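Please read through the structure below; I'll follow up with questions.
The letters A, B, C, D, E and F name the chains in turn, as written, and every chain counts its residues from 1.
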Amino acid sequence: MKFLYFPGCSLKNYAKKYEDSALAVAKHFGIELIELKRWNCCGVVYSLASDSVFHCIGAVRDLIRAQEQVGETGNDKLVTLCSMCYQVLASVNHRLANDPSALETLNRFMDEEEDYLGTIEVTHFLTVLRDYVGFDKIREEVKRELADLRVAPYYGCMLVRPKEVAIDDPEEPVILEQLIESLGAYPIDYPFRTECCGSYNVVVNKEVVKTRVLRIISPLFRARADIIVTVCPLCTFNLEYGMKLASRQLHGKKIPVVYFTELLAFALGLDNVLDKTTLEIFKKYM
Amino acid sequence: MLIKISSELAKKVFEISGQNVYACYQCGKCSAGCPVVNEMDLLPNQVIHLVQIGDERVLNCKAIWICAACFTCSVRCPRDVDLAKVMEALRLLTLRKGIYKLDLRRIENVEEYPQIALIAATRKYTG
Amino acid sequence: MKTIKIEPISRLEGEGQIIIILDDDGKVRDVFFEILELKGFERFCIGRPAEEMPRIVTRICGVCPWAHHMAAGKAVDAVFGRDPTPVAEKIRELAYCAHIIDSHSLHFYFLAAPDFLVSPEADKSQRNVIYLYKKHPEIVKEIVKHRHYVVKIESMIGGKSIHPVCCVPGGVSKRLTEDERKEIEEMAKELIKFSEKWLEIWEKDILSKYEDIIFSKDIYYLETYYMGLVSPKDNSLNFYDGDVRVVDQKGQEVFRFRAHEYLNYISERVEAWTYTKFPYLKPIGWKGLVDGPKSGIYRVGPLARLNVCDRISTEKAQLAYEKYIEAGGKPVHFSMFAHWARLIEMLYASERILELAQDEEITSSDVINYEGALTKFGVGVVEAPRGILFHHYETDDDGMITLANMVVPTTQNNAAICMDVKKSTEKLIINGQISEGILNRIEMAFRAYDPCLACSAHSLPGRMPLVVKVYNTRGELIKELRRE
Amino acid sequence: MKVSNHEEFEPRIVAFLCRWCAYAGADLAGVSRLEYPPNVIPILVPCSGRVDPQYILLAFKNGADGVLIGGCHTPNDCHYVSGNYKALKRYALLKKYLEQIGINPARVRLEWISATEGQKFARVIREFTEELKKLGPLRLR
Amino acid sequence: MPKERVGVFVCHCGRNIAGTVDVKKVAEEASKHPAVVFATDYKYMCSDPGQKLIKDAIREYKLTAVVVAACTPSMHEETFRKACSEVGLNWYKCEIANIREQCSWVHSEIDKATEKAIRIVNSTIEKVIRNEPLTPITVGIKKKCLVIGGGIAGIQAALDVADAGFEVILVEKSPTIGGRMAQLSETFPTLDCAQCILTPKMVAVARHPRIKLYTLSEVIDVEGFVGNFRVKIRKKPRYVDIDKCNICGECEKVCPVIVPNEFDRGLSYRKAIYIPFPQAVPAAYTIDPEACLGLNPVICGECIEVCDQQAINYDDKEEIIEEEVGAIIVATGYNLYPKEKIPEYGYGKYEDVIDSLQFERLLSSTGPTRGTIVRPSDGKVPKRVAFIQCVGSRDVNHLEYCSKICCMYSAKHAMMYKHLVPDGQAYIFYIDIRAAGKGYEEFIKRVQEEYGVIYIRGRVSKIYKENGQLIVQAVDTLTGEQLEVPVDLVVLAMGIVPSPDAKRLAEILKIPVDKWGFYQEVHPKLRPVESVVSGIFVCGAAQGPKDISETVAQASAAASKAIALLSKDMIYHEPIIARVNTDLCSGCGVCESICPYGAIKVINKVAEVNEVLCEGCGACAAACPVGAIQLRNFRDDQIISMIQAVLTR
Amino acid sequence: MSTNKIKITIVPGAACGGCDVSLANLGERLLEATELVDIVFWPTVADFKLEDLKNLDHIDIGIFIGSIRLEKHAEAAKILREKAKFVVAYGTCACYGGIFGLGNLSTREELLKKVYLNTPTTENPEEKIPGQKVVINGVDVTPPRLTEWNLPLNNIVTVDLYVQGCPPIEDSINHFYEVLVSYAKNRKPFEKGMMIPGAKTLCDICPRKKPEKIVIEKFRRVHEGPIDDELCFLAQGIICLGPITVAGCGASCIKANMPCRGCLGPPADIIDRAGKFISTIASLVEIEREKELSDEELMRIVQEIVDPVGTFHRFTFSSGVINKKQEDAKK
């Protein structure tokens, strides 16, 4: 099974381990993620202004890149890992699907490009795992006993909102829980798994992030969470950064944060793709 | 003060966001669920109300810059007002004048942030 | 210069007239056989649903509606990418054989028979079916009875004998019941007897009597190419399906192709003086209204069919065919042999109906194949009573017609008819002297081709009143001849 | 006939108005003194479902440039349960037919106008008259 | 047809018409019509002298038809027709040409308005000369009423109709009548005990000589028309003979099967043989065939063995009962919007988030807790209770409408809670308070002032559990603060939706429902209890959310409409209906298929119109492929001549 | 021959020949009635000179076959009207314009261009189009010009009797035969304008079963899956013109399991067959689910029907209220 794959900038530096682990996991299940030959920044945040289409250009170029390469996979799917990228690409795609005039404007504007036909389907690696690998299959492949591992799934915003692009129920998503269960670990139910981490406020207003992170993780201590799994580089950064900012309030307590793909890689025994810090986190389950 | 019904402001917001703020009946569900409301000087429903009555002071509030576009309000609104889009429109009313809310040169330890955070912030706080 | 206008004629595409232009010496300079009307099917079929075509194009011709129905039916089978079920093919062929008998018999018994049976020299008021009826009511009653058999078979399958409705993409609309089958079987046996009887009459009574006309190389004789359908396996006569075969003046096969390739072989010329085009063999080319191997003009119809086929698959018809070849050689260029060919074809068709009616599968209910994908292109071909017929359709993605083209028999014989008419007039108009006999001769030239209705449907009055008007160069009427 | 000039051309509109909604809406426009162009002549019918597409063709044949059918709002305003739906469906098919025979389907208009929508009635007439002026006269050949 | 003699009367309406329309010219032009023998204008046609003018002209000129060009027909059509009929002209031979509302009042250019008026008058002349003189249709009435639904609405309607002397068939789908009201504790604003005021009425139903009660029954087919409906009722087996059962309860004791009790909305359990509640009517046990082990295959027969009365019969069979009635009252009640549809409020996953009817059961002295307030999860008395209003209601993603009664019952809930748990704290989260009813506002004020219930203005965003504690995430829009309120129990005031059977029943009855499935009344103000099908009336929450007092009032209103109908010996029906030309009709069945009233039947290849069922919409006439069915006085030939008159001049 | 015989003349317009064959079939029967009928002029075969027709002094019944597509058809029709006591429009083309009426969806010029310039077999480098003036050897051999539009007979002259059918068969022709014979026997004038065989439509004689409610949920074309041969076509979503077609054909197509395409034409009261049938068919679409569907969705389903004009007006476009393609500006 082959899919086109859009990494996005974070996956190439800050969140390199997210990509490494994901690619290894994909490969393990016989999935080839073919990185787009040329890609550019998706735009990072989806512009909510509907009077202008030009904020969509970055994303549309990436979609055209994907369109050029669909022949290599035989399907129209474009897989993302970073949930920001997912939301931007999917939202742009959704908008263009519902606003032919916007699509026309963009196609006209980008006259040196081939026209975007609107046929690319943007999807997330989690969806691929659910729909093309299957949690049962994952359960069969698990190499490590993780029964004692208490995992707090953290969705953040971008995979589950807005409704139009949500990969699962916006209020009651289950996909991460199902994945965690399939690994034999215990998913913790807590109220804030889809609540915002503070996002880009971190740059201008650290307080917001600090408060948010404190709130999000507060039930996790009592729930004895061992780790938090995330789907987004920014969430990961904010959770870790927030815990650092709030170290006084937390009395230095911390909960390690890993990408879901790292947890998967670990469960599958793909230790060689995990970096030292991560392996350190999982050490007691080895 | 004079209340401007069908305010110019609401019209501008509509133009930018496609959202009709008059659909809002001020139930407050947005404010109840907003994760960052503690940092805001106005509740989200108050932001809308100010737009409804055409009070331009709303352009100078902090709340619209705190909003992180997490869409919690948007998915729960009983009147289908996409408040995230309204917030964006209000930000753009400032940004499109060339007034930016971020100068990366002044950010301390800029190197410790991942790109995703910096670019996102740039997108939201500059034009 | 004189102009002679004869206005009766073919109704295939409407009405026709013949214009004969004599030069000042009274020699025939030019003959124009004009079709005077146009309905524009090629245009107004556009935008119609393809599956409705078999029901629409029957109206091109009310004399051979089945031919158009079948050709269209086969073309839309192809458009929808469906092969008809074997049962459907058999039912279609059965009905179609009935139609061949219907059309041929209308032509032969009501038109040709009075001519030949009563005598061409007889008073014109006697050369008609009414006179025949008075004289030999039993003969006419028998003809009427047997014609009703074929009309009945047509109606059973097609709903109506004129403008049938049974062809749907992939098959036929209705199965045949056992009762119907039995009835057809019995009727077929009668038809065989009847056909044999008339062949006998032809061979014994008519042939010898009219040798001069039938075997004349002067007038009713053209050396053209011939085109017709043959069964791919054994080159036997086939009305419903097969390969298109073209033979030359010597009877040698020159082309053989499938219906969908017809564009490579057929082109049509347009002349502004007639609404009918002039088809010719594309690879040979258009040389004007002349015969011979250099000219792409070809003939279709009974004569052509028996020239392109090598044999007939049924026993009795094969014997008759052998006699025919013996008499006329192969190929037969005598236009008048067409009447004989028709009688042989009727016998074959009757035998074929019996074969099909005795086929166990014929009453199966598997009459439509719904499988297949829209191809948007289809060409259907059948042998119409008067010759080979092509229907060509193209559609859009919804199966709505975007292109419709039909190449019809009388059109294909158009050039030959013109030449035959010219030949007969040249022979018969000497120094501008126009004898009354010319009208008969022209009429006979026509009848050989049976150009659809004009010649066949005048059975009731039994005569073909022709008027020849001779004009001088100023267009003034100088002589009028009338045969009533 | 000189009619192509837009200033001179006054389209003729026949309006079939259902008794319970559109006709009452037109009455309300009157009661509210909402002025609209006099190009429209109303014909009262019990229900938009009574309107036979033949009437519309006949109206065109007799010189109408436009035909309006006014009925009750879907889904549930129809006094006769579902006459408005009958009108809607016939209108949809008639439009396709008109297109095929070369008459601009915009010359037939179906509007749901409730008894309280005097404003809407006036607006529809104004718009329709304007639109027909742009389309020019329907000269049947 | 003798030649028509038409009189045309053009009204000035003071200056209302004459100010914009040249009325003299209109009359003059009308007089040119070959059928017109008299045309005049007058200042006020509707005045006495105006009417006299018409009457005199009818006599003097032997008029056979009259056109009055004046205001809209809805204004004075009746006036003028009456005037005409007083001098012997048929009611339908007078038509109004509306040259005021649709002409003089909306145009200002006199030329054009006059021109238009002339065309309108001409087309009206064309119509009236083709009008047939008609007389109303009469038909007899079955003096019996069917009431569907045995809640308070159905009970009240049944009693009213029966008391008026008519037979009533009351059909209820569950084993007992009583409906939702039987589940309630006290009622606002008087705090009457719901059962105390309801049970006497239930008993009255049971004892009423003119009420025939079918429980466990449903209407499966209705044919016919006003005054003459034929109804089929499916009566499901109860397996217990209601005449023999003395509700001793022995059967219940031995029954081994336990299932959730729907009457208590799952807060308690019942047996497979059970009585919904002690005061049930009919007072008899019933077997739940889904749960019972004894029915098929027979593996248990405990109850039969202990029943001294031999009231239990496993072989009880379904029956189809046919009844003929003159009127039908539909009162099928309501349901609550499922709380599972609001995931942010707990998706139905927190046991202590309950709906309002569950809370009623907790409050009820006959309820699962005998009237003590404990929470479902652990049986503890909740000390902090949040009542959340508008759940599902007023929400474009759920129910757009206001469910109307939640403000009041939430206040009542809070008050009752404070009665029972005086030291508890009640919060009511609201958007705004809708207390428009007699004594309602006072009730709310009492709840706030005397009981100290805290009203927080702001819609709740989310309910979650943190560390075992339920937290209501809300806002106080008045203080401008976000709130996280820890509570022990949450009561959701779920929106009201029609009962699930309403739609199916609507199809059987051929009455329309609105977008949400509530029965549609003919006119919300003027004909609020009538459905579009004459003879079928609607009442109660099936027609729209309403409280008990409104329901009872509406039920009585529906009953009185039914009584008024049943009291007549004959009913009169508008004669402008469809008629079939049997020479043309070939029975294609198109009219029968599309008639919204089921008024047409094809019999022996010819359509027949039931004159009483036909309401005269004319949809059949437009659809008939051959013009065989025509609407009287709106025939094709009439409308076509009108079109021609409108366009040609 | 007895002078009491009625004199019949048959004049052709634009036709396919099917009517002639059907008349010929009638002729077979007429053989037995030759004492009553004298066919003095059979235009199909006779020299179709207008003068000849003019020269006839007395015709009892003038039968016109085919539509008007040439100028001389119109002239012939007028002469026929002058000469004949009764004019009969024989066959659907004469009655309604017939299938050639679909040609009115294009102008005459478009028709000619299509046929003589734009078919795949045509080779016409000089772009010769028949109808243009042609003089060869000094002789004008221009074929007669087509009329601008195809028209039914009654657009030219008053018609006394209509014999519908393409071609007339069964009841239709039997009835005509009876009328002819009875007129020949007792010379009783027949009722003018009468349609043969009357006003009832095919539904009256249709053997198929009809459900209580005919509901069209989806339009089906005849090739789209099996057709129940006992159930009403409309109830299967297949357009059948039976309800709007006079019953004179014995439901022959329907019995062959094919829906009626309306060749006999509509009953007399129909003003515009397509307009009327649009009303009928659209009314039946999704009757049970109207309120569940949005207006747009409902309109979309109705508009899925293909080719309304070619289906509803296949044989009658020339006699429709609007019987020619219009050139109304788009937009």
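One rule holds in what follows: contacts are C-beta pairs under 8 Å (C-beta built on N, C-alpha and C of every residue); 3 or more make two chains touch, one makes a residue touch a chain.
These figures come from a predicted structure and were not determined experimentally.
Novice: Using direct touches as single steps, what is the fewest number of steps from chain D over to chain E?
Specialist: When the steps are counted carefully, the minimum from chain D to chain E is 1.
Novice: What is the set of chains touching both chain C and chain F?
Specialist: Output, common partners of chain C and chain F: nil, no chain qualifies.
Novice: Identify the chain whose mean C-alpha position lies nearest to the mean of all protein C-alpha atoms shown.
Specialist: Most central by this criterion: D.
Novice: If you tally contacting C-beta pairs, which comes out ahead, D-F or B-E? Let me know.
Specialist: Between D-F and B-E, contacts are more numerous in D-F.
Novice: Determine, using the mean of C-alpha atoms as each chain's centre, which chain is farthest from chain E.
Specialist: Checked the centroid distances; the maximum from chain E is C.
Novice: Mind checking the centre-to-centre distance between chain A and chain E? Centres are C-alpha means, answer in whole Å.
Specialist: About 52 Å, centre to centre.
Novice: So what's the Cα centroid distance for chain B and chain D, whole Å?
Specialist: 45
Novice: Let me have the rounded angstrom distance from the C-alpha centre of chain B over to the C-alpha centre of chain C, please.
Specialist: 83
Novice: Distance between chain A and chain B based on Cα centroids, please, to the nearest Å.
Specialist: 25
Novice: Mind pulling the residue numbers of chain D that touch at least two other chains?
Specialist: Chain D, residues with two or more chain partners: 52, 54-55, 58, 75-76, 82, 86, 90, 100.
Novice: By the touch rule stated above, which residues of chain E touch at least two different other chains?
Specialist: Residues 344, 462, 512, 594, 619, 622-623, 636, 640 of chain E touch two or more partner chains.
Novice: Listing for chain A: what residues touch at least two other chains?
Specialist: Residue numbers touching two or more other chains: 171.
Novice: All pairs of touching chains?
Specialist: Touching chain pairs, listed by label, come out as A-B, A-E, B-E, C-F, D-E, D-F, E-F.
Novice: So in the complex, the part of chain C that touches chain F is made up of which residues?
Specialist: 1, 3, 6-8, 11-12, 14-15, 19, 21, 23, 29-30, 32, 34-40, 42-44, 46-49, 51-52, 55-56, 58-63, 65, 76, 80, 106, 110, 129-130, 133, 140, 144, 147, 151, 155, 157-160, 162-166, 168-170, 173-174, 262-263, 266-275, 277, 279, 286, 368, 370, 392, 398-400, 403, 405, 407, 452-454, 457-461, 463-467, 471, 473, 475, 482
Novice: Considering only the defined contacts, which chain D positions touch chain E in the complex?
Specialist: 12, 14, 23-24, 26-31, 33-38, 41-47, 49-52, 54-55, 58-59, 62-64, 75-76, 79-83, 86, 90, 122
Novice: Sort out for me which residues of chain F touch chain C in the complex.
Specialist: My answer: residues 12, 14-22, 24-25, 27-28, 30-31, 34, 39, 42, 44-49, 69-70, 98-100, 102-103, 105-106, 110-112, 114-116, 119-124, 128-132, 134, 136-144, 146, 150, 166-167, 169, 221-223, 225-227, 229, 249, 252-258, 261, 263, 306-307, 310-311, 314.
Novice: Chain F touches which residues of chain E in the complex?
Specialist: My answer: residues 512, 583-584, 586-590, 592-594, 602, 605, 619, 622-627, 636, 640.
Novice: Can you check the complex and tell me which residues of chain A touch chain B?
Specialist: Those in contact with chain B are residues 8-10, 13-15, 41, 43-45, 47-51, 82, 84, 157, 161-163, 170-171, 195-196, 198-205, 207-208, 211-212, 215, 233-234, 237-238.
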